[in-house]
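In what comes next, chain A is part of two complexes: it sits with chain B in the first one and with chain C in the second one.
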Partner chain A sequence: MKRTAVLLPAVALAIAMGLSGCDIGGSAAPAADVEQLAPGADVTGSIIFWHGYGEDGAEVKTLTDVVIPAFEKLHPGVTVTPVQIPPGDMHQKLVTAAAAGSLPDIIRADIVTVPELAKLGTLVPLSQAMPDFQDFADTMYPGPLETNRYGDDYWGLPLDTNTKVVIYSEQGLEADGLDAVPATLDELKDAAENSKDGTYAFAEGGAGGWNLLPYIWSNGGDITDPDYTTADGYLNGPKSVEAIQMLVDLYKDGKLPGIILGGTGTGTWDGVPSGEYVSMVDGPWAMPVLQGAHPEVDFKTAPMFSGDGGSIGVVGGEDLVLTSQSENKPLAAEFLRYMLSKDAQLAMGEVGQLSAQSTLADDMSNLQPYYADFLTQLETAKPRPVTPQWAKIDDIFAKQIQLAFQGTISVQDALDEAVAQIDPLLAQG
Partner chain B sequence: MTTGYPLLRSLQISFYNWSVVPTQVSKFIGLDNYIRALGDEQFWTGMVNAAVYLLLTVPATVAIGLFFATLLHARMPARALFRVLFYIPVVTSWVVVSLLFKYLFTTNDGAVNWFLTDFLHLTSESIPWLEQRWTALIAISALGVWKSVGWCLVVFLAALSGVREELYEAAALDGANAWQRFLHVTVPGIRGTLLFVLVLQVIGAFNVFPSVLLMTNGGPAGSTEVPLTYMYKQAFSFLDFGYGSAMSFILAIFIFVISFLQFRFFGEKKEVGS
Partner chain C sequence: MRAHPGWAVVRFIVVAVGAVFMIAPFLIMISTSLEPNTSILPSPPHFFPQEVTLDNYVRAITENNFGGYFLNSLFVSVATTVATVAISAMTAFAFARFDFRFKNVVFSLLLAGLMIPGIVIIVPQFILAKNLGMVDSLWGLVFFYTAGQIAFTTFLLRAFFERVPHELDEAMTVDGAGIVRKFVGLYIPLARPALATAAVFSFLGGWDEYVWALTVITDPLKRTLPLGIAAFQGAHTTAWGLVFAASVVAVLPVVIVYVAGQKHFIAGIAAGAVK
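On to the complex of A and B.
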């Protein structure tokens, strides 16, 4: 009796809600003209800034002790409240806040989340709202700038960037009997095939786009067309297949460590210092950590292994975006401009944040000599496909490539299947 | 209200191509999400993995828990200490122990492989535990058993203290040995608790989540995905909340049926003999 008393209304409600079959939501007023955010406006009030700078590192300290106070000094009476969100929680936090309508005014967002947030209609199209947008865009490396494009607009500006290069040590070369670190994919293959027992010429810690796209691009392949409308003929094209085939062959011969399948084993940050792995492809953040932990090892950088497509790295980093919910967009825009100023970029550059402005390349290299190779790599580095569907695409990409590594299917079949699954997603935009 | 609203809301979401942001249209698609799930190979891989996890963990957990509960129920020195020791895994953080087990099962330098190759000499090759489906499920199940034995033990201990002492004495007088007394006095005496533990363990097995997320994240190639990790990925990584919700209802119905069958087959028999 009691059970039916609960069940009946529940079922009734479900039927009412479910079978009524009408679409819901979309109640917002039609988009008005984009509010113009001119530079130098008289700003007042306060804004909230979400970021994922490393909590215990120097980044948060520089932001809260140097950068924000300097901005507040320029504009007396305004307040910027920074909120640190652990990078691992950022995406979920953004989704929840977008659903609840409680996004902050300005966000330092991972580059891959920008098109997703733009599609959800939560961002201000900066290329329309900021009259000085193009001035900023002109200073940026093309790869990081591209990560802000969705549809006909740009929805953010690169705050900081990074890419990956080859990191190795002289001791590692010596241990494997190599004179120099491989410069091309062919040399890499050669070195891997001839590496001594117990050592590997290189290691990769995963099979996702972040790990493997540089090999595909450098070999002359690609994942999609330049407008991200199809993967057919790109991801399953001969050059992409060839790049993955080389890695799969090395793996099957025991010349590429199993950590590429996401399992366990010596991580690259342990294997390179110990000489087990001669080289790895990693970002600028690895350098201070490795040097700090292994002062006896001399870590060096070299460009990504090159091939028919050149030496192409993958773009990482964060963009600054303004939310359409913000009630103080002029102040948020002014703060965004300040974060992209030379003062702020250099201050953050000192604590490891690489500027995405090619015009600041020399200043950056002066701060840290090891930045130089990363900055050169950035000139040609490409972003992962800039589409709201990237998370799904990456999942499909990694899964099919893992199947090829396991030998379940051929590389060509795996990439054909990946294309078959990716193209319908790209069609959704 | 507090349980009803989220439940009904997610039921509603499961009928839509749900948009996270309320200002965007969520399109009603009827049962499409359910049909998609039933035809989704990856969803069924997840269900099979959960079933394997169930077979690897539930019998072992219940047996080990009951065995040590029986031992601890007897008067023995340092009983309280052992109870605490067995219960410690239950209160530890899933996150911490999942990472710990991940390191134990590391291919090249992991303690488990060291034990098997260098200590027991069972095999000369290191086993790539977390890089293949079945071995990874064994590793994840090992953690599952370790984590839940203590809980079973405590529940069984409570039940054992409810079995009347005279029954044991009577059985002993009839010449029953320890095993017979266990089988004919202890087991019937705690039948209700046994069923309760079994049902909760089965539900728990289908809801296995943090250990899989942290030890393999469903990989390689989705081969160790379980229903919850797959749903979580659909909802929070891909923003496909409608699909995630639909799968959660399919899983809930499935668990409901299994639990119902368990009660049906193991539940009401105690009247029969009495």
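On to the complex of A and C.
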């Protein structure tokens, strides 16, 4: 029997609601004069750092055994307390903590939550507070840096990044009788239509923005204007519709596996190794897992299928943000700088965290040869619309796409409807 | 009238199919926990391990302060159970055997709390916890778990207390027994099956709870088991071997509590059903 485990009697609820009324909503836009956080300041005391590095594997160990001790050695007497939050629940934890004013000093936040936290007034505008902000910004790939922009300011700096490229195997190509993995969307369509029975040229594991925006962008379409004020003429524009139409047509012909709608079927991480799927579009984390599980298969990477818009991937990763509640911002800022230093970036790079600094691309590729294709893709990769409304927009997008795949409505109608629902959200900012 | 013997076969098949469906996830969990750790779950799932190793158990238990999480969960669940059952038994007794103004209104208010999904009030509740100094504290978890469970447990026990025959109550009055003696000497012993049921629900509620613990607990030393297990899930990959090995260990006390209390448990449910 499943009940909601935590429930207060109605009376206490009423009290709680009353209290919340006083506490939330106080802090809005940043104060006129922002505390300046100069580099090299004399720092003391302690800070708390929330992150979502995986507890299994080497990420947490490298952070706690290598990176943080090195920082504490540089600044004797200071303490950084790392706290692991499960990544899937980080958002909920952040929102409740923001409402109650109990955020930590510094957070490794998923890129899509930064504008939301900035809008809540919980973050320090780094572009105002850090005199050396621009020096850091200049080293970054444009896509990851953009994820920190909200209004006129930047509210964080990219700590690590990733994007998706085409992952395939020679064995898979052979099984489907292909000489090379498709390079363009046209070649992809061709390969998919002519794939042998029981095999597919490619598979997609979902219908959200993370999955389908690369197809739209690469085809020359977009989801919103560059300033995220409207989706009209972008998401429902001819190039976006064409990209989705291609996928829908393949799906209806049985040439695109049903897992795109979350249906049953072989997952991409099983289908690519077995040769059922020739290719998938996935992130760098897939490579060590696939190679570890299938040492007999030779996995390779290639750029995202290109079209009129080029070969455009989608930016993932995490940003470092400082909270306005922090009582030790100078130390938090110094720690942020250290996390972006070459030492720290390479240490985390060894355990799978790609640096967002294009200046470190060669060092990163030296750590892991398979990083190279991801880093090249990052040069042009785009972020999902950088707006506090993204989570809602993504839901609308995925739902309308699903209707189009199911054939209930045409692709054009589905995307028109999505635009009609998305534009009011964008207007709220 | 005797049932046709064919029905026994049909009944057996239906129950067997149901049992297979219930047991399958457990088999997959145990099987995965015994196989070498992987980020890819086998597809189709293995009901029996193909390559047996205890590696996941060793890692899950030794690497992440698992013993500490286990003790935290045990403390929180036991304290919640004791507090919930004690408070709810007294509350239910009052509702069952006393008449006072607004009794039904108060009882309805209590039940109204059950109708509100927990996630809706999580932010105000968190602010309340913060103002009470109960954030990042195991006692804080006990307090809120108990508060959350009193309504349901009271509801369960009230029905039971009301069925205690008035004649017994009156006989004790004639013997000169006061309220407290009646409660301890008559109502509590008679309600043992219901109390056992309430205790099992309470224990499970504290043992399994995740969302509230996630929200208020930040200090890694104060994590409960569900939080410790969730930490094995990364942003893009999950150490399934470790997750399932830890889950098997976490599920053992639940199975023990359930099996030990099974007799009372079923009696309690049946009793609550007929009023």
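The definition used in the following text is that the second predicted complex is superposed on the first by the 398 of 429 C-alpha atoms of A that agree within 3 Å, B and C clash if a C-alpha of one lies under 4 Å from a C-alpha of the other, contacts with A are read in each partner's own complex, and residues count from 1 in each chain.
Everything below uses one rule, namely that a residue touches a chain if its C-beta (ideal position, glycine included) is under 8 Å from a C-beta of that chain, and two chains touch if they have at least 3 such contacts.
Keep in mind that what you see is a predicted model, and the values were worked out from it rather than measured.
Novice: Does chain B (first) or chain C (second) touch A:392, or do both, or does neither?
Specialist: A:392 sits against chain B, while chain C stays out of touch.
Novice: In the superposed arrangement, does chain B or chain C reach more residues of chain A?
Specialist: Answer, by number of touched residues of chain A: C.
Novice: Go through the superposed model and pick first if A:120 touches only chain B, second if only chain C, both, or neither.
Specialist: Only chain B is touched by A:120; chain C is not.
Novice: Thinking of the overlay built on chain A, is A:289 touched by chain B (first), by chain C (second), by both, or by neither?
Specialist: second
Novice: Just chain B (first), just chain C (second), both, or neither: which does A:142 touch?
Specialist: In the superposition, A:142 contacts neither chain B nor chain C.
Novice: One more residue to check, A:266. First (chain B), second (chain C), both or neither?
Specialist: Touch status of A:266: both partners.
Novice: Going by the contact rule set out at the top, does A:55 touch chain B (first), chain C (second), both, or neither?
Specialist: second
Novice: Have a look at where A:92 lands relative to chain B and chain C in the superposition and call it first, second, both or neither.
Specialist: both
Novice: Figure out whether A:83 sits in contact with chain B (first) or chain C (second), or with both, or with neither.
Specialist: In the superposition, A:83 touches chain C alone.
Novice: Under the contact definition given at the top, report the residues of chain A touching chain B in one complex and chain C in the other.
Specialist: Overlap of chain B and chain C footprints on chain A: residues 10, 13, 17, 23-24, 92, 95, 99, 101, 266.
Novice: Provide the residue numbers of chain C that touch chain A in the complex, in ascending order.
Specialist: 38-40, 43, 64, 109-110, 112-114, 116-119, 121-128, 130-131, 135, 144-145, 147-152, 201, 205-206, 208-209, 211-212, 214-215, 218-220, 227, 230-239, 242
Novice: Of all residues in chain A, which touch chain B in the complex?
Specialist: 10, 13-14, 17-18, 21-28, 91-92, 95, 98-99, 101, 116, 120-122, 207, 258, 261-266, 391-392, 395, 398-400, 402-403, 405-406, 408
Novice: Using the touch definition up top, name the residues of chain B that touch chain A in the complex.
Specialist: 4, 7-8, 11-12, 15-16, 19-28, 30, 102-103, 105-110, 128-132, 216-217, 219-222, 233, 236-239
Novice: Please name which positions on chain A make contact with chain C in the complex.
Specialist: Those in contact with chain C are residues 1, 3-13, 15-17, 19-20, 23-24, 48, 50, 52-57, 59, 83-89, 92-93, 95-97, 99-102, 104, 110, 266-267, 269-270, 283, 285-286, 289, 292-293.
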